[in-house]
Amino acid sequence: MAKKRTNKYKKHIKQSPGSIVYTGENPTEKLFIDVFDYAIDFVKESELKSVEEAFNFKHTNSNTWININGLNHIQDIEKIGKHYNLHPLIMADIANTSQRPKIDVYDDYIFVILKMLYYDENEDIKIEQISLVLGENYVLSFQEIEGDVFDNVRERLRLANGRIRTLGADYLLYALIDAIVDHYYIVSETMGNKIEDLEEILFNGELKKDLSKQILNLKKEVLKIRRAIFPIREIISRIEKNEHALIQPNTIQYYRDIYDHVIQLSDSIDIYREMVWSLMDMYMTSISNKMNEVMKVLTIIATIFIPLTFIAGIYGMNFDHMPELHFRYGYVILWGIMIVIFLGMLYYFKRKKWL
Amino acid sequence: MAKKRTNKYKKHIKQSPGSIVYTGENPTEKLFIDVFDYAIDFVKESELKSVEEAFNFKHTNSNTWININGLNHIQDIEKIGKHYNLHPLIMADIANTSQRPKIDVYDDYIFVILKMLYYDENEDIKIEQISLVLGENYVLSFQEIEGDVFDNVRERLRLANGRIRTLGADYLLYALIDAIVDHYYIVSETMGNKIEDLEEILFNGELKKDLSKQILNLKKEVLKIRRAIFPIREIISRIEKNEHALIQPNTIQYYRDIYDHVIQLSDSIDIYREMVWSLMDMYMTSISNKMNEVMKVLTIIATIFIPLTFIAGIYGMNFDHMPELHFRYGYVILWGIMIVIFLGMLYYFKRKKWL
Amino acid sequence: MAKKRTNKYKKHIKQSPGSIVYTGENPTEKLFIDVFDYAIDFVKESELKSVEEAFNFKHTNSNTWININGLNHIQDIEKIGKHYNLHPLIMADIANTSQRPKIDVYDDYIFVILKMLYYDENEDIKIEQISLVLGENYVLSFQEIEGDVFDNVRERLRLANGRIRTLGADYLLYALIDAIVDHYYIVSETMGNKIEDLEEILFNGELKKDLSKQILNLKKEVLKIRRAIFPIREIISRIEKNEHALIQPNTIQYYRDIYDHVIQLSDSIDIYREMVWSLMDMYMTSISNKMNEVMKVLTIIATIFIPLTFIAGIYGMNFDHMPELHFRYGYVILWGIMIVIFLGMLYYFKRKKWL
Amino acid sequence: MAKKRTNKYKKHIKQSPGSIVYTGENPTEKLFIDVFDYAIDFVKESELKSVEEAFNFKHTNSNTWININGLNHIQDIEKIGKHYNLHPLIMADIANTSQRPKIDVYDDYIFVILKMLYYDENEDIKIEQISLVLGENYVLSFQEIEGDVFDNVRERLRLANGRIRTLGADYLLYALIDAIVDHYYIVSETMGNKIEDLEEILFNGELKKDLSKQILNLKKEVLKIRRAIFPIREIISRIEKNEHALIQPNTIQYYRDIYDHVIQLSDSIDIYREMVWSLMDMYMTSISNKMNEVMKVLTIIATIFIPLTFIAGIYGMNFDHMPELHFRYGYVILWGIMIVIFLGMLYYFKRKKWL
Amino acid sequence: MAKKRTNKYKKHIKQSPGSIVYTGENPTEKLFIDVFDYAIDFVKESELKSVEEAFNFKHTNSNTWININGLNHIQDIEKIGKHYNLHPLIMADIANTSQRPKIDVYDDYIFVILKMLYYDENEDIKIEQISLVLGENYVLSFQEIEGDVFDNVRERLRLANGRIRTLGADYLLYALIDAIVDHYYIVSETMGNKIEDLEEILFNGELKKDLSKQILNLKKEVLKIRRAIFPIREIISRIEKNEHALIQPNTIQYYRDIYDHVIQLSDSIDIYREMVWSLMDMYMTSISNKMNEVMKVLTIIATIFIPLTFIAGIYGMNFDHMPELHFRYGYVILWGIMIVIFLGMLYYFKRKKWL
């Protein structure tokens, strides 16, 4: 019997709409906030002790990236949201980790939800939601747990000569999204490798019993990745078209670059999808082929020996008058006949290409 | 033979178009109306004795939610409709429970038809139509039977400090739609669980005979849910774009939040759809696999014993001159030969990976 | 051999384009014209003797519905067309019964082609083309044969108090289209019942040989219905958007109601389509299941008796030295061994769940 | 082995783009030009001796249709093109017979490429490209070989009273396109007949070996026809919308009539497409059904006789002590037992509905 | 086991976005630059020794085509890019050979990425990326390795009387793109031939084991080609609509010609796609057919000889009282009976059309 599953939504729907509820499955013990405050001539990296310390960066001239980890600490998240004037619905979206990637454009900030994708050590795909808020000269990022794909961005922030230090928070937002999208390539390629591995197994004819399970899981993974990546196309094109005051005109072309990447990824994923669908066909064909082979062996053996056994049966009968039984060379002649039949059959199968 | 089905439309078409006919299958004994009259500083909950009592709320300053249960009481429904100036076609739509979800925007009210979805105790999907009318400062809701998904909304109305009390009837309409959409999540998740249960059964190879029936039913359920949910996207986006005087600008973003939810649900349902389609393939593959296994056993047994039986048949013949029969160790040697053949066959099958 | 089919288009193409040719297969003996002339305070129903009588209604103040049956009477049709200033191409369209549903909007009239659908006594779907012309204050309807879906409309015209008498010819056109669309519901529901009947037959495993034929015919019917219904969506939305002087603003919402119905029907038909496609899969699966069952019986019997027969063959051999043959209890022991093998096999199949 | 195919494009690509190269496979010995020069009061039909004679019709007041057959005579084609000011790319398109149907609108002429479709005597579909140029008061038509679908147009031109003589070159262009589209109906209907023939063969269970080949060929034909017809929708709608000075407003509605026809054809072809796809399923099912039947016969015979043969084998054994062998009625009793088993089996198969 | 694959993206993502990294697999030993400098009255062809020599052509009046081969020489590429004011993101795109075909329109140049397709000697499809930059009066082209599809363009440049010499750099860009697209026709036709070869093999019933592998590879090739060709439609239509100052109005129609070609190619590829999908079905059908044939032989032989063997078994029994054994003509009569059974079976199979 199938195991009992719990319905996690049932408990949530007793809430007021827009109430902030953490729906993820990875609560952290404490909130962890790290901050990069930087301008062209300095960079200050710090880890905050309390939420309140994060309030100071709102009206500075420098650019600030506040990275908040631990979405289960609802009260703290709420405090930050209030200080930075975030709409209650946005706060709810941040905490609800089953959001679809989307963009909400407000007058004084832009809110983006994306999914970070990676394969864990068991080669299972993992999806972590990340929420990004771009304000006047700050970027807030909200993650479920520590550990992310931004180490590369951090390193570039630390370097004095990087482009990232000279440009504003809109470029920082771009750099973060770009880092996320860059990781999609790894996921996409791993997916491609998995498909090719399965193909090879199928072509080698090793029809293990759980192959159909693996193919189905691959199907689901492709659908999951699709679902995480496809909405980004719309997100980026809304950034491009919106001409929001927070996005500098010269940053737009960087976002366009991400757009190109996402289109390219979407293409790949659609091809993977078709390939996975084909794998199932391939699998069915392989099974049929195998069955065919089995049937042929059975047919050959049975078709050859059934008539011969009949002949042997004839001369095992106990009739009083069976003259052949008393011929001098009856037995030898019979062997001759049977060998002729045997060889004739073999020739027939050869011609039919069953051998 | 298939049972005789009745064609319920046949009787209706003798009607004038726009005439109000109840087409549902759940008539109630009496009309049941409950009313929430509220403003920021008070809330009055009441159950009405007669339809006429519902007329008083049209021109009050407070917000009012009039919830009418029992669509078979046509005359009463009609009276309310007339008092609130509803178009005859709308009255017909309310009573006709097989409507598609839709929105009709009139100058002085907005009319929305939605479907409430839930699983009954037999895990069969149930669909109940609900019609909502948003007027100046009232919301009318028409349901087929008592019992709905709005208990959460009621509770929040009763609380003095909720956002819902401070905002207008447009927010109430949002809250009702949101409650309906929230319940879709439960349905969607139950559907997901059902699919996973079937998958597990298929992977475990328990090919019960009615599996294809179950898969087909699942298919139908997915299509039904799709049909209930997909049109909502258009409904919400028409509310958003319409800039109707009845919808306050600051409520719009709440509707946008529903829109995001519906998009997310649509995504899930499309994935479920693909999964259910795959289940059928999976089932076919499982059957083929099973057949393959059966064939292999048959082939192995037959292929081993048919030649051996032939040999035994040979030496059961009654020829006068069969020298082997008189050899001292003829019988033992034959056993040896047969055992060699037997082992050779086993080795062959082993190599072919049929064992 | 397939029967010889005639190619009915071959004979037509020698015609000038726009020439009026009746392409249907139901010629009537004589043209039959019935007229409803009505206003708010009177209604006059008459059957016309000659085509010329139909000319009088063009410039009256009353509304008139002229219903012409018998499209093979080309000359008469042409006379009416000329009197009412219909474009030659429209006359050609009326007579050509294989038109696609469409709307042509001219300055002083609107021309609509629709399909009436019904099941005949053999449960075969029948399609009859109907052409409607809405003029200043008249509606012309052209049908192939007498007998239609408008009895309901006629009755309402006869009643003094109906909405239809108070409104203009544009409402009459709506009422006629609505009556046609209402009949689609019957067809759609019959189709649904047919599908469910087939499903039940499939689930009960009665795999009659012509099931695939029935499924294919159902497929064709769905495609035919789709083709008749889908274009209506565009027709109605063009009426809505066109703001033609002949359509009163307050009639528009009635057309919108038809639009909703057609969308709903389209939804149903698309679901039917998917269900019919699934039926074929279901049928394939059933065949495979059946084959599986047959194979299992064969395998069980053969697998049990082939080895036993081999053993019996062994002791039917005529070797001089077969000590077992001379044992006191040889025969009994052999029976014992064979029974053990038999039971062992049964147990094996039981465990494999083949029994 | 598959035969060696030549790659006809390889030789062309050494050409400058826009160079005029004949790519068809039906070169004619000489260019053949026939001309219809006509106005409301006269018509002059002539066959031209040289290309230069075709130059005179450019600036006449009468309407002229110049029909040029033989696209391999590049130089002559080029001369005409230059005289009538056709763009070099258009000349290249005319000679390249693998163009897709399209329209190019220039200031002083309209260029249309279409495909004539017909079935040859072997019921193979043939496609011939035709290029049409509509100028001030002339139409040029370029065909690969003599023989076309325009005989009907010619006859109407010869008649003094036809509409075609009173209207301009734009109507002539319409008449030519209409003649081409009219022929599509024949092709479409022949296609429909072919599909129904195959269906009947499949339903009658005559599974000839090349059926899958026939179905695949049908598939290809449908795709070819689709490809020839579908682009015409866009061509016509561009003519309609363009409001080009060469197209009179009152001719537009004739083009719209073609548009309706093409939409109708597209519908039919899409239905054919689905039907052909279904044929393959049908074929697979028929094969499975056939296999099922074969299996059942095998199973019945084997299942009945294998146990009986075993019993016979038992009493063919040579044990010294087999008491049954010496019973007075042993042989008769055994026959009785075997007949009981035989009948029991038959009953079992009857109940299983395998007989 | 599947071989270990490397994930080439992993190493790249440690880079700053927009950093120039060569991602191809064909590094060349040295950069190779060849230049065509031409105007209507002269042409100068040269091979550059150093990158710096390429700088002189920016502000000349003549048109220049600078063709750079060897994308792994990042520094050199970067120098050229800087001199010609190319945006850093464009430099990155040039070096990243896994770009999707696209166009980026800047104020003073147009950047186009395309894919050159060709089959190598093993009939495997090869894809090489080419980047084109159109500036004031120069075209830069960046290729991974030497050897391209432009020999035809070069030859035309060398000729004094070609159209290409009289027109500007925008026409040169067109000529290059046209040369690339022309080569697609070869690829498309080779693909078509491959499909037809496979079809023929399938129809001849030569079911080699790796056929499904070949079909899958074909599927992948079609998807790859699709991916290379489809985006070009958008590229060209953006060139057409953009009305960029660098593109002369009279060149536009040449681009439109490419557009027609690409649409035509897209059509072909979509048809190929459907055909390849059909091949898989065809293959499955062939396997089923083959199995059917094998089963029939088995069934015929077994069904004929199993009952006969049973009869022989009967008269091999050792009962004391078997009167038939002692009949004078018992043996002969039995042979007669067996021959009758044999012929009866043959007749039955004949009637069933299994023979």
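Things worth noting here:
To keep things simple, chains are lettered A, B, C, D and E as they appear, and every chain counts its residues starting from 1.
Keep in mind that, in the parts below, a residue touches a chain if its C-beta (ideal position, glycine included) is under 8 Å from a C-beta of that chain, and two chains touch if they have at least 3 such contacts.
The UniProt protein names, listed by chain, are A, B, C, D, E = Magnesium transport protein CorA.
Quick caveat, the model's predicted, so the values are computed rather than measured.
Centroids built from CA atoms put subunit E at 42 Å from subunit B. Averaged Cα coordinates give subunit A a centre that lies 26 Å from the centre of subunit E.
Taken residue by residue, subunit A touches two or more other chains at 284, 288, 291, 295, 298, 302, 306, 309, 313, 316-318, 322, whereas all remaining positions touch fewer. If each chain is drawn as a node and touching chains are joined, the picture is one closed loop, every chain linked to exactly two others. Beginning with subunit C and heading toward subunit D, the contact ring passes through the chains as C, D, E, A, B.
Taken together, the subunit B residues at the contact with subunit A in this complex read 152, 156, 162-164, 174-175, 178-179, 182-183, 185-186, 189-190, 193, 196-201, 203, 253-254, 256-257, 260, 263-264, 267, 271, 274-275, 278, 281-282, 284-286, 288-289, 291-292, 295-296, 298-299, 302-303, 306-307, 309-310, 313-314, 316-322, 354. Listing the residues of subunit B that touch subunit C in their complex gives 2-3, 5, 7-10, 12-18, 87, 89, 93, 98-100, 102, 104, 209-210, 212-213, 216, 219-220, 223, 227, 280, 283-284, 287-288, 290-291, 294-295, 297-298, 301-302, 305-306, 308-309, 312-313, 315-318, 322, 324-326, 328-331, 334.
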